[in-house]
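In what comes next, chain A is part of two complexes: it sits with chain B in the first one and with chain C in the second one.
Presenting the complex of A and B:
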């Protein structure tokens, strides 16, 4: 029982960051009809941005985290304006190829800049775990879970309560009508992509401080983000949140009780099984956003 | 290409080991041939049915492992193991095709990526069968009667024959009823269905043939390098195939061949000047540039040029 609880807690920590990845991807997918295969690269970017801010610029851990989010948003916006905006009228396959190109280019760019050696992000938290009844959690992991929860809450507020969020929901429902009502679709797309990239960068900086930072870390992150999106359904933000938490917990249970060698297979199997049996996602009523 | 040009090209290809003596250049040409089979195979799905498989390295790897295991453990000859590898990969293609029946576009891509991910993890973790990350050394070179095809010159002809047969098979296929059904399915699925094209059947068929060809390429690779490890499932292989097909011209017969030769020779030529990371970076940038400036690929652009002049 204690072991199960421990796995659940570890799974939630992972799951919170998976949810961040998934929310960004599901928004981009649902709103822009872009399959962002470079999503994991923004995750990697966030991790390296935090690493650089700490190691090179000498910022403290919390500022480095903010720096990572800003870097993700900035590069996301740049990517959207320069590559996706000109292709807005093209088919989904065309933009998919472009994003695959961005993925390869970004990953190998990182490899060139940082080398292949894994790095760790130093953090100010004590390493002795907090013991809460039957489970023990490292303070850093608790912090990661809290930040992820805060960012998820902020995403909900943004989508549900702000003018930008309302414009985003309108664009998702019917881009043409939204444009007629005065929504600047291009800006909404840029904002959405930057927002999704920023969330991915945050997830990268957070998980990068728990684990290690290396150039190909984004590949698995991308695939996990896709499995979260598929679990939750296209453009479904609550679905992505639940899907992320679920994936984290199932992975942790799979690694704990089945085989740790197949930990990363969980996401793949989820993608295949859910797509085949319930292509609209586990929590889907219909396609939706917010 | 004109008739005379074709004859010259065929003559050059047939006599290549006699005037290209350097083993290094022969190696590059053999790898180009193996990739040509892979690109032809991916093109059947991506170019003709319009479905992008980002798990094609899985079929390649399944072919390589099947062939290696059949010759090493069961001591089959290469000539039996090669069709065995194609059959095993074709079976995997059938499985993916059946699974992904109703999935198109991005969803199809994701299923194929995930399938490749699972297979790659199996190859690393199933120690008893695959020897895990250490791989399978000592895969035997093919033998033809009393001769061993151990030398690069001899292996070149084997690969050349495989490329030729794959090309002819693809040409036969896409110029038949089946090929027209593939294109109909790519251009407008509901319309194709409404005139009686059995979409499911043709998509599964395309997946099986494509996977079997990739499996054959895997077998050729295994018996050439004589070593198979989980690296055959590297995503880099899939990316290379996609670039070859997209750059050469998807949905054309010559496109994958042009792409395969170009993107095996070019990186080798650049190797002296740049590192591997730069090359991969260039691949990524190139893919983006291609979509912007040469969306249909080299071969269609060239034939358009020729028509204009």
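Presenting the complex of A and C:
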């Protein structure tokens, strides 16, 4: 029983980070219809930005997190304006290929700048775990889970409750009508992409402090993010959140009770089952914001 | 008359050019192929091996090269990926025509490159990989200077009682290396009467090992054997601390870089034991203390990070072995180099290098008997464990 509880806690903490990765991608992939293969690279960028802010500029941990988010938003905006804006009328395949190019270029750029040796981001939390009965969890992980929850809630409110969010949804439902209503759609495109990239960078900075920072860290993150988006349904923020938590728990239980050698396989089996039974995603409503 | 002179001049020029080419050819550098993971999840280790290989190259060249010819390294990145290792081997053999290769760090990568060696008939010195199958498959082009897991397990056997191991669990990377290591150490420990509990695996790129650790905690052993690269060992130690896993941790495979663990895992690495094949903290304790010291000094002079030394020496020893074989062969024909590898007897940074036959009769691979050491992290420093310290 103690073992099961610990597995569930591990799974939820891991799932929270998957959810954070997933919502950034679900905005770009689901709303903008851009298959963003570079999502994992914005995640890596965030991790290295935090590492640089802490190690080189000597900022404190929380400022470094903000710095990473800003770096992600900035580079995301740059990427959108310079690469995606000229291709607005092109098909989804064209932008997908461009994003694969961005992925390769960014990853090799990181390798060039930082080298292949893994780095760790120092953090101010005590390393001794918090113990609650039979389960224990590191304070840093709890902090990451709380920040992830706050970011997810903020994203949801931004999209559902603010003028910017309404403009976003309008733009991606019908760009021409939105433009006629006075929405500056070019700006909305840039803002959405920058927002998604900033969320990925936040995830990278947070997880980089739990794990290690290295140039290819984004590959696994990308894979998980796509899985979460598919589980939750395109463009569906609550879906991505639940999908992330579900994937984290399923992987953890699969590794704990089936076989740790097939940990990733268990996650993908669930995705296949979901795609067969509910092709639009597990939590897709009849009316999607995408 | 002028016509005959023109013909004569042309002949002279052509002859001179041909002589010059022949001269250049005699002086052309000897190429040695190197395949290492320079990017991807185990990139750090691969880059350290490359740095060690470069030291060996520069030392050989500063002593006048091999039979008067300079050594040139052609270094390929296998991206920590077996598929890339095979194509890197093919490229080095077919396009660059190297007489010998050193590589390819991971067992899965080495195994993937091996059929290419047999296909084209080019020898490879294996500097890191420890899966037993590498020398057991009957590939007569393989010469390994790193210990297979079985040899490493036997090297540890004498210390099992002193380590106080009664009940053991395993956590290993899900590759040929990790699976082979669990088998080898499990067999040795069972023979010593140690109970073997959980055997858990993780993907090479995995970062969250909490599920495995929770399971291991429930298995209730007193010692955890960990087999993977230093990046994952760092994460495992941190996560084991978060889960209050009170175990002796022993890492195998020599890829643990205790110095890097102290730096990145901090207190979580305290008390852990590590099987290493080079002890740069006390080079004078190595079989050839002078050579080991010189290597450590040269490494520092180049500004390479100290924590890389436990990988870097492999690169030196691998290239030194190939260079010695080419010298003995007297030329850089791959087959002659292969035959000469059997006659190599050399002192490396690790210790003596000399190949014995291993694998099915008639198609044996070469296997050297490297030296194996155990160190412990105590008070944030790398030390000899109590049972090995000078009495």
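Note that in this section the second predicted complex is superposed on the first by the 274 of 290 C-alpha atoms of A that agree within 3 Å, B and C clash if a C-alpha of one lies under 4 Å from a C-alpha of the other, contacts with A are read in each partner's own complex, and residues count from 1 in each chain.
In this section, contacts are C-beta pairs under 8 Å (C-beta built on N, C-alpha and C of every residue); 3 or more make two chains touch, one makes a residue touch a chain.
Here the structure is a predicted model, which means the values were calculated and not measured.
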Fit or clash for chain B plus chain C once both are placed on chain A? clash
Scan A:230 for contacts with chain B and chain C and give back first, second, both or neither. first
Between chain B (first) and chain C (second), which, if any, makes contact with A:127: first, second, both or neither? second
Touching A:177, do we find chain B (first), chain C (second), both, or neither? neither
Where does A:255 make contact in the superposed view: on chain B (first), on chain C (second), on both, or on neither? second
Which partner does A:60 reach: the first (chain B), the second (chain C), both, or neither? neither
Would you check which partner chain A:275 touches, where first means chain B only, second means chain C only, and both and neither mean what they say? first
Partner chain(s) touched by A:264 [first = chain B, second = chain C, both, neither]: both
May I ask you to decide whether A:137 touches chain B, chain C, both, or neither, giving the answer as first, second, both or neither? second
Mind working out whether A:3 is in touch with chain B, chain C, both or neither, as first, second, both or neither? second
Thinking only about the overlay and not a real complex, which stretch of chain C clashes with chain B: 112-120, 184-192 or 328-336? 112-120
Which chain A residues come up in both lists, the one for chain B and the one for chain C? 111, 219, 259, 261, 264
Residue numbers of chain A touching chain C in their complex, please. 2-3, 6-7, 10-11, 14, 111, 115-118, 120, 127-129, 131, 136-138, 141, 207, 210-212, 214-217, 219-220, 251-256, 259-261, 263-264
Which residues of chain B touch chain A once you look at their complex with the stated criterion? 50, 52, 54, 99-100, 102-103, 105-107, 109-111, 113-115, 117-118, 121, 124-125, 235, 239, 242, 246, 275, 277-278, 280-281, 283-288, 291-292, 295
Under the stated contact criterion, what part of chain C meets chain A in this complex? 38-41, 43-44, 46-47, 174, 200-203, 205-208, 210-212, 214-215, 217-218, 231, 234-235, 238, 241-244, 264, 266-268, 305
Touching residues on chain A, where the partner in the complex is chain B: 29, 35, 83, 86-87, 92-94, 96-98, 100-109, 111-112, 219, 223, 226-227, 230, 259, 261-262, 264-265, 267-269, 271-272, 275-276, 279
